[in-house]
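Two complexes, one shared chain (subunit A), two partners (subunit B, subunit C).
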Partner chain A sequence: MSLLAADARAFVAAARKELRMWRRYPLFILGLLFWPIVLPATWVLMGQAYSGGGDARALAAFAERAGTTEFAGFVFVGYAMYMWLSNLLWGPGTALRQEQIRGSLEAVFLTPTSRLVALFAPPISHLPFSLLNFVTMGLTLWLVFGIVLPLGPVLEATVVIAIGIPSMYAIGSLFAASVLRFGETGPIVQLVRGTFVLACGITFPLVMLPGWAQAGAALLPPTYIVADIRTVLFRGVGLGGIAVDLVLLLAFAGLITLLAVWVFRILETSARRRGTLGSY
Partner chain B sequence: MTATAAEPAVDARGLVKVFERGRRTFWQRLRGEPDRRERFHAVDGIDLRVERGEIFGLLGPNGAGKTTTMKMLATLLIPTSGTISVLGIDVLARPRDVRARLGAMLSGERSLYWKLTARENLEYFAALYHVPPRQTRARIDDALTSVKLLDRADDYVERYSTGMRQRLALARALLPDPPLVILDEPTVGLDPQAARDLRARVRELRSQGRTVLLTTHYMEEADQLCDRVAIIDHGRIVALDTPGALKRTIRAEEVVRLEIGLADDGAAVLERLGRSATVARSERHNGTLAVTAHCASARDFVPAAFDAARSAGATIQHVEVVPVTLEDVFISLTGRALRE
Partner chain C sequence: MGELLAELRAGLAIARKHVVTMTRYRVAMISMIFIPLYQGVIPAFLFGAAFAVGGRSLGLASSIGTDNLAGFIFLGGVVSGMIATAFWGMAMSLRNEQDAGTLEPSWLTPSTHETFVIGRAIGGSVLFLLTQIALFAIGMLFFGLRFDIGILRAIPAVLLALLSMVGVAYVLAALVLLLKEANFFIDATNYLFSIASGTAFPVTLLPGVFQPVALALPTTYAMDLLRHDAIGTRTLFDPVVEYVVLIALTAIAYPLGRWVFARADHVMRVRGTVAQY
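Moving on to the complex of A and B:
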């Protein structure tokens, strides 16, 4: 078995271990089903109230800025992105932090497997939960708000998500890396999550931001993912129309992955010098 | 470089690890204030050579530098200076190769996943240790059998006793079939029976031809288990030999521990006791003087001690005659007990 194949097997085992651990806490699944329905639904109801219960002029004003009158769908897609981001910013870092607190991180680092397994496997193990979020929200849109998403655009949105996965998981890994050296990264995660929610057009059209903020948003992968999902779902634009964005997303994935690996290596060496690998 | 059987299992030279004590805040850094953190030598120039096939013990009190040394050998810590070769491989240059040949149990029961079963834990670590898939099941069964946990393999680890978790951590260390096993305080927190069980497993490792390097602050454990022992204190090795040879460095056949009730500072009685034995250690606490004396014959010394106490106006409240132990060696070298 080559080293690469052995590390690939270790990667699968690490992701499987994370899923096994999650499975031992079944109430967590209940939370996954509850929040994706309740929170975006409250935002939609707020939107309905602020627009005078769906007043035509208000909807037209919204469409002028968002490119669609489908504000419930707009909010749900944004919230799906918010949940995905939250999972990725909290999940992998928390998984590494829990390993550190538990004492198992040192045991993992005593093995010959690549350190990158510990960095990238926990984020990947969160993928099924994120997919469950998307499915739950799609069903809520259909069953509660009567919005039926046509199959073709749904499949195209799935392609956007699939292409967005590497860059999103690279972001998650970048934050996880900092745990090795700094331990608690909660406050930084809160800060970054808030910035992403504000800058990436999660709950409102990006044109509402000042020009300089829009320029900043163009450097963040979630901006493209959320905008492109909305575009294919609600504006009838095919994948060809967003091809440039998709290429950009892949480029982001490569860059952020390299950055995450570089940061991880530096912080791991620092942790091995300072003895913080096993610190509480 | 390829490891050969002639090379020692561990060869460390001039090993130093310096940590910083205290904090340097972000604002202190930003303002460019001088770094006032104290530099603390956790390991202060250790030379260590562990031969293949032996059980080698690092014996010392808490904070002596045992765990720091182990972590440097296991690639978890980068030494401040010095060189380490494990099985002929340079730890700093090729840490991954070292880890592939090393079974380590450093943080014991904490290092396991309590919400997984023993088998699930070992399946995960077998993959991390790059155990070939076809050998995984057999390797796990062998490891569980060797620590007598095969019948509980499918129980969650949270339902295990502390001793069982320690044994499972040892089983994990055996997964890569390592020629060198390092164990940090393997019996700490175990009841006497569980500790005996674990020591028996450690002896089996040696009979299988493996080298075992362990740390302990239990002198009996080092005495019973180890072929050679390095006594470590304040980051330095203060003695290194077989347990028997170390005990022979105490020029005494017997050790007498006395508890003497007195009203003064005890100087007079200590002076008198010193005429017929070597006073290795004395400690005054609440009007009682605890004395450890090394002597050629307790039969001769004890009556002399009673006379000495009486003439100094003191009363001997307790007498205990014990054979020389590694604790006495530690006391004679450092003036302190292992548990202080």
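Moving on to the complex of A and C:
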């Protein structure tokens, strides 16, 4: 029991360390306010161009594919997921690799805490930033585009986000464990984020993808999170209507966490045998 | 004359070094094609196609005068890529040289400091051209990309815009060298410059306060003329007027950029901050 308590303390300390390091880079905070406003706003203006400034036939065609004529809200929800993935992959997703580059991974592994603390503590640091993104984007949607989201659906969307957190967290941990294998993490982040962007319906309706890609998208948790937030916000469907998706999200979280632990164990054992833990 | 030839040789050597260094990072090279595809082209194409009625982009046709969605997006990518080359390939690469500790030895050679920007402009343009050829090939094979032969008429507009972007790159290089930590600055201004040039949507859709900014950018006119000649979009003004403004803006941007860069160079040498980062 005392061992578990010590690991819990180490977990909190590791998460605090990550947050403290982010605080040292004020330009990162500026980026947190700049990109969530500018990126989706650009796509809303693109939507205005593609719809001919709100041509009824173009909007009807979009609604048939996306389930709503509210393309500004559609884009903002998609981009909230994009920012969430970016925070997750660039931050906690590369945390172990950063420790390796700084030469502190060996020192961390020599402490008496569980190795899983190093794997699962950094992802918690992305949560405040991702929540800040959601708030910033909600305010932009309201103040710039005049779209006021009703309180009830917003609360339901918050429940979807809360249920989605464990699966996103698990994705971050799985990614962090996997990239220990690669020398250059930047292109891997781009590749993985690109796959999510294309497969999960971030900026376009999923039905635009070919059948095989839609089947692949059904295996990715962000697909459900994005689709379910849009469903409760813009289609008036309650949480009961998406209950199966929410259960699936929790199941994904469990499966991906186990996969992350398994991958981490294999790579860690391999690195210790080869003596490559400190090499990059 | 001999000095000019020496500068030209130095510029070409810098360009070759830039291309050779870039091609050593194969994943980064593939990313130069993959990132525009996944971040811009494919999502924009599928988003635009979601508004299509009976397979035709009627909304786009009413906004710009043509329903050629793929052409609109891929040509936006041309100007966007040109801007990114100026921001990252020319301006930011001097900062990378500073990080690597090779800026001082480079600037101690007899070549003028401006030649280092020109060299990167040539190297960056070669990479930009190769990337665009690959992207166009992908567009034609998978996205039904097609142009009018009139696209050739837009070549002078693109070359003028390229020259003006060298001027902009001089200004940016000066700011980057003075600012030191410039990643966010370059990333954000690159994006805003590109959007304000109308690469993603017509500048007429920009909020009113940003429209004068858009009309002050040479790339706005190059973008407009390129799309007009290649896919028959409506232009903002008469094409002759747009060419006159583009020439005037290029004539201002290039010398202004060189002057700002020379000032920054002087300030850095007086303060002794060439090697600081």
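Descriptive notes on the structure:
Everything below uses one rule, namely that the second predicted complex is superposed on the first by the 273 of 280 C-alpha atoms of A that agree within 3 Å, B and C clash if a C-alpha of one lies under 4 Å from a C-alpha of the other, contacts with A are read in each partner's own complex, and residues count from 1 in each chain.
Note that a contact is a pair of C-beta atoms (placed from the backbone, for glycine too) under 8 Å apart; a residue touches a chain by one contact, two chains touch by 3 or more.
Because the structure is predicted, anything quoted here is derived from the model rather than measured.
Once both complexes are superposed on subunit A, the partners subunit B and subunit C fit side by side without clashing. Panel annotation: after superposition on the shared chain A, the angle at the CA centre of subunit A between subunit B and subunit C (CA centres) reads 90 degrees, nearest 10.
In the superposition on chain A, A:104 makes contact with subunit B only, while subunit C stays out of contact range. Looking at the shared chain after the overlay, A:254 reaches neither subunit B nor subunit C.
Look at A:202: by the touch rule set out above, it reaches subunit C but stays clear of subunit B. Within the superposed three-chain model, A:238 lies out of touch with both subunit B and subunit C [touch as defined at top]. Of the two partner chains, subunit B is the only one touched by A:117; subunit C is not. Of the two partner chains, subunit B is the only one touched by A:277; subunit C is not. Across the superposed structures, the minimum distance from subunit B to subunit C, using CA atoms, reads 14 Å. Here subunit A touches subunit C in the complex through residues 27-28, 30-31, 34, 38, 42-43, 45-53, 55, 57-62, 65-66, 184, 187, 190-191, 194, 197-198, 202-205, 208-209, going by the rule given at the top. For subunit C in complex with subunit A, the touching residues are 25, 27-28, 30-31, 34-35, 38-39, 42-44, 46-53, 57-64, 69, 181, 183-184, 187-188, 191-192, 195, 200-202, 205-206. Of all residues in subunit A, only 1, 3, 6-7, 9-10, 12-14, 16-17, 20-21, 24-25, 102-104, 106-113, 117, 269, 272-275, 277-278 touch subunit B in the complex they form. Against subunit A, the residues of subunit B that register as touching in their complex are 19-20, 68, 71, 74-78, 96-97, 99-100, 102, 104, 106-108, 110-113, 115-116, 120, 123-130, 132-133, 169, 172, 176.
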